[in-house]
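The following pair of complexes shares a single chain, subunit A, combined with subunit B in the former and subunit C in the latter.
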Partner chain A sequence: MTKGILIYAHNNRSVDYALMSIVAGGLAKKQLQVPASLVTDQSTIDWMHESKIYDKAQEVFENIIIVPRPPANNYRRLHDGVDHSTVTFMNGNRYSAWKQTPYDRTLMIDADFFIFSKTLGEYWDVDNDILIGESINDIYDNNRLGYCDRYISEVGTKLYWATTVMFTKNSYTKLFFDLVQIILDNYQYFADTYRFDSKQYRNDVAFSIAKHILDGFENIDTLSLPPVLTLLDKDILHDVDQDKLTVLVSHKLDANFCAATLKNTDIHIMNKQSIVRNISKLMELV
Partner chain B sequence: MKFGYLIIVAEHDTIDYVQLAYGLALSIKNTQRPGFDQVALVIDNKQKLQNIKSDWVFDHVIEWDQETFWDGRSWMDQLSPFDNTVCLDADMLFLRDYSHWAEYFIENSELYIANKSFTYRGETVTDQYYRKAFVKNQLPNLYSFYTFFKKDSELAKEFFNLGRDIIKNPVEFANMFLSEHKPKILGTDEAFALAAKILDITDVISYDLDFPRVVHMKPMIQNWPWPADAWSDHVGFYLNNKGHLKIGNYQQQDIVHYVEKDKMNREMISILEEIAWKN
Partner chain C sequence: MQEQLQQALDFANYKQTFSIQKKVLKEKNAAKLTFGFQGGLFHINQTLLTFVEILILKGRTTAVVLLDSNQNPILIPNLEEFRDEIFSRYFEATNEYFEADQSLKKSRSVEKLLAQ
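What follows is the complex of A and B.
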């Protein structure tokens, strides 16, 4: 059975997901000792050439798979510490992972999820067709999270975090990813049924609903991937020194920060601009 | 050893408890396997059963009017016609076969009282909104909505005798044992919990088990981010013609204690009757 990492990266005018994906892919390869592939679009490839990172991408990824650019009809507010901007993001093609992956068993991760441990490698041979991040763990304290970080809505189902998804390519997971596409295509219907806010398409929500439906509309107590340790976007990645990350954490999500360091821990860094500011040091780790 | 479910109801000004008991009995007949589908109804006036189309769902009807509804349940040990009994609240629904739970209790227990409940999403209830008297007085977290007992058990006899004393003398017992927080009404749950504590038998009659699983639809314990007066203001209740129940987005598999009595309406009864008639 072939195993590998899959990362999606579609750049927008504000965030260089391709750049981050090289770090994410390189770190994942290094820690988990499996190949990685990138799914991207031609315009992002063009930018990779222009910014001279394409050669590095070819070094990190054994496959660079070009797909049509998904519609840029999704907006979200991204913070960089106290600053923020509203950006488009293109995340509406994650359902195609089943078709695009070249591997029998795939670990799909977000481009801003950096693997510094071997933890996820423990799940390759687990007898579950699909495993999704069980929840989010805030690096500071889960009290900073909101209700809708744990449930898709006030009365709806538990929210899984599609930042990390591991799946085996088989008929069951095809059904799963087909269902994710159905949810994407009928997002307003599912928003009405599950009572969540449809303004922004979220893969976390679509994957959670697909899991809920295929589990028989119940919370089945099956294995999941570990909670996704997360640095919120109001926090800041301050420095990278070897494999030690120094972060600034705002415990009240305001302009007051305290410093903390991380080592040997997988981390989802939502503040993308602070990743880019530290990209050369991160690249050294790959 | 004869086993059966016991439901105790009495006349009420606004709630048709007979209809609730009828709905529960239909759901028991529809889901439990033979030998575990017997139902006994204790009622203060048998005439109230006249409007029921299928009164055969009650294998035993016991007319008894010595106490009011709440007090009546503390007499369950003396009213049951079965050797082994599970006494249920009337506003419950059975949705699949739970006979194996009863088998376990018949084999292993003289008396067992549920000690946990679940939200409609399947989470264990941890919210103590309705259980302040339990927490502040350090009472065991018992739920009388599923109470198993053996007829010939001395332990059960002693327990129910004390439970009756507590219910008959609520002020005295509350002053003596519930001084940290006196409940407005000393109901069956509180009385059973206090009796277990006084007799120091909690570990014997309510040890940790994965069952019985009962979804408790009191609105303030559903892990919602806001206060709720009625759960039906927020999630739907959908019983299909196969007797499968969804609450909100969740398929229900465990016993559902629906609490809002108007849920057992004519439409629900018709669905349950039709399933019973086809079986």
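What follows is the complex of A and C.
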């Protein structure tokens, strides 16, 4: 059975996801000792050539799979500490992972999820067709999270975090990913049914609903990938020194920060601008 | 008064950093104690270690079925090899945790905590 990492990266005008995906892919390869593939679009590839990172991408990824650029009709507010901006967000093609992956068993991760440990490697041979990140785990304290970080809405089902998804390519998981596409195509209908805010398409929500439906419309406590340790976007990745990350964490999500360090721990860094500011040091780790 | 207040605020800052470092250490230890085997996933803890040792003492060493952390039955072909692996992982993880925890406790300033 072939195993590998799959990462999606579609750049927008504000965030260089391709650059981040090289770091994410390189770290994942290094820690988990499996190949990695990138799913991207021609416009992002053109930018990679222009910014001279394409060679590095070819070094990290065994396959660079070009797909049509997803529609840029999704917006989100991205924080960088206390600053913020509203950016387009092209995340509406994750359902194609089943078709695009060259591997029998795939670990699909977000471009801002950096693997610094071998933990996820323990899940390759687990006898579950699909495993999704169980929850978000705030680096500071889960009290900073809201109800809608744990459930898809005030009255909805449990929210899984599609930052990390591991799946085996088989007929069941095809059904799962087809269902994710149906949820994407009929997002308003599912928003009305599950009572969540449809303004922004979220893979976490679509994957959670697909799981809920295929579990027989039940919240079944099945095995999941470990909670995704997360540095929120109002926190800041301050520095990278070898494999030690220094982060600034705002306990009240305001302008008052305390510092902390991370080492040998997988981390989801939501503050993308702070990743880009430290990209050259992160690249050294790859 | 002002100086005392500043000291309290400095300590609060230290304590916040300490709490995050401690939380990350706990997470790291828990992750290291996760063991995928034969399609199952085991969280290595004292209960698992003791149970496995008792089974071996009772002479049950081959083709033993254990329930993994998700309550799925997993066939363990050689329980002694399994025992050796989980003991090894347990002590490696907890010793590392102990060392890191000791260093953390001895660090009495934010700067020293960050230097860990």
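Assume the second predicted complex is superposed on the first by the 286 of 286 C-alpha atoms of A that agree within 3 Å, B and C clash if a C-alpha of one lies under 4 Å from a C-alpha of the other, contacts with A are read in each partner's own complex, and residues count from 1 in each chain.
We adopt the following convention: a residue touches a chain if its C-beta (ideal position, glycine included) is under 8 Å from a C-beta of that chain, and two chains touch if they have at least 3 such contacts.
Predicted model only: the values in this text are computed from it and were never measured.
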Open item on the list: Quick check on the subunit A-based superposition: subunit B and subunit C, clash or fit?
Closed with: fit
- [ ] Figure out whether A:Glu218 sits in contact with subunit B (first) or subunit C (second), or with both, or with neither.
- [x] first
Open item on the list: Contacts for A:Asn203 in the overlay, against subunit B (first) and subunit C (second): which applies, first, second, both or neither?
Closed with: neither
Task: First, second, both or neither for A:Asn11, with subunit B first and subunit C second - done: neither
Open item on the list: Which chain, subunit B or subunit C, ends up touching more residues of subunit A in the combined arrangement?
Closed with: C
Open item on the list: Contact-wise, after the overlay, does A:Glu122 reach subunit B, subunit C, both or neither (first, second, both, neither)?
Closed with: second
Open item on the list: If we overlay the two complexes on their shared chain A, which of subunit B and subunit C does A:Tyr194 touch? Say first, second, both or neither.
Closed with: first
TODO: In degrees, to the nearest 10, note the angle that opens at the C-alpha centre of subunit A toward the centres of subunit B and subunit C.
DONE: 70
Open item on the list: Quick one: is A:Ile139 in contact with subunit B, with subunit C, with both, or with neither? Answer first, second, both or neither.
Closed with: second
Open item on the list: Output check: A:Asn271 vs subunit B and subunit C. Expected answer is one of first, second, both, neither. What do you get?
Closed with: neither
TODO: Examine A:Ser96 and indicate which partner it touches, taking first as subunit B and second as subunit C; both and neither are also allowed.
DONE: neither
TODO: Please indicate which partner A:Ser21 is in contact with in the superposed arrangement: first for subunit B, second for subunit C, both, or neither.
DONE: neither
Task: Overlay on chain A, subunit C to subunit B nearest C-alpha distance, Å - done: 13
TODO: Quick one: which bits of subunit A touch subunit C in the complex? Just the residue numbers, please.
DONE: 117, 119, 121-127, 137, 139-141, 222-223, 226, 229, 246, 249, 251, 258-262, 264-266
Task: Parts of subunit C lying in touch with subunit A, wherever the complex brings them together - done: 13, 16-17, 19-21, 23-24, 27-28, 31-32, 34-41, 69-70, 72, 110, 113-114, 116
TODO: Provide the residue numbers of subunit B that touch subunit A in the complex, in ascending order.
DONE: 121-123, 224-226, 234-235, 246, 248-251, 253
Task: subunit B partner contacts - residues on subunit A that touch it in the complex - done: 147, 154-158, 193-194, 212, 216-219
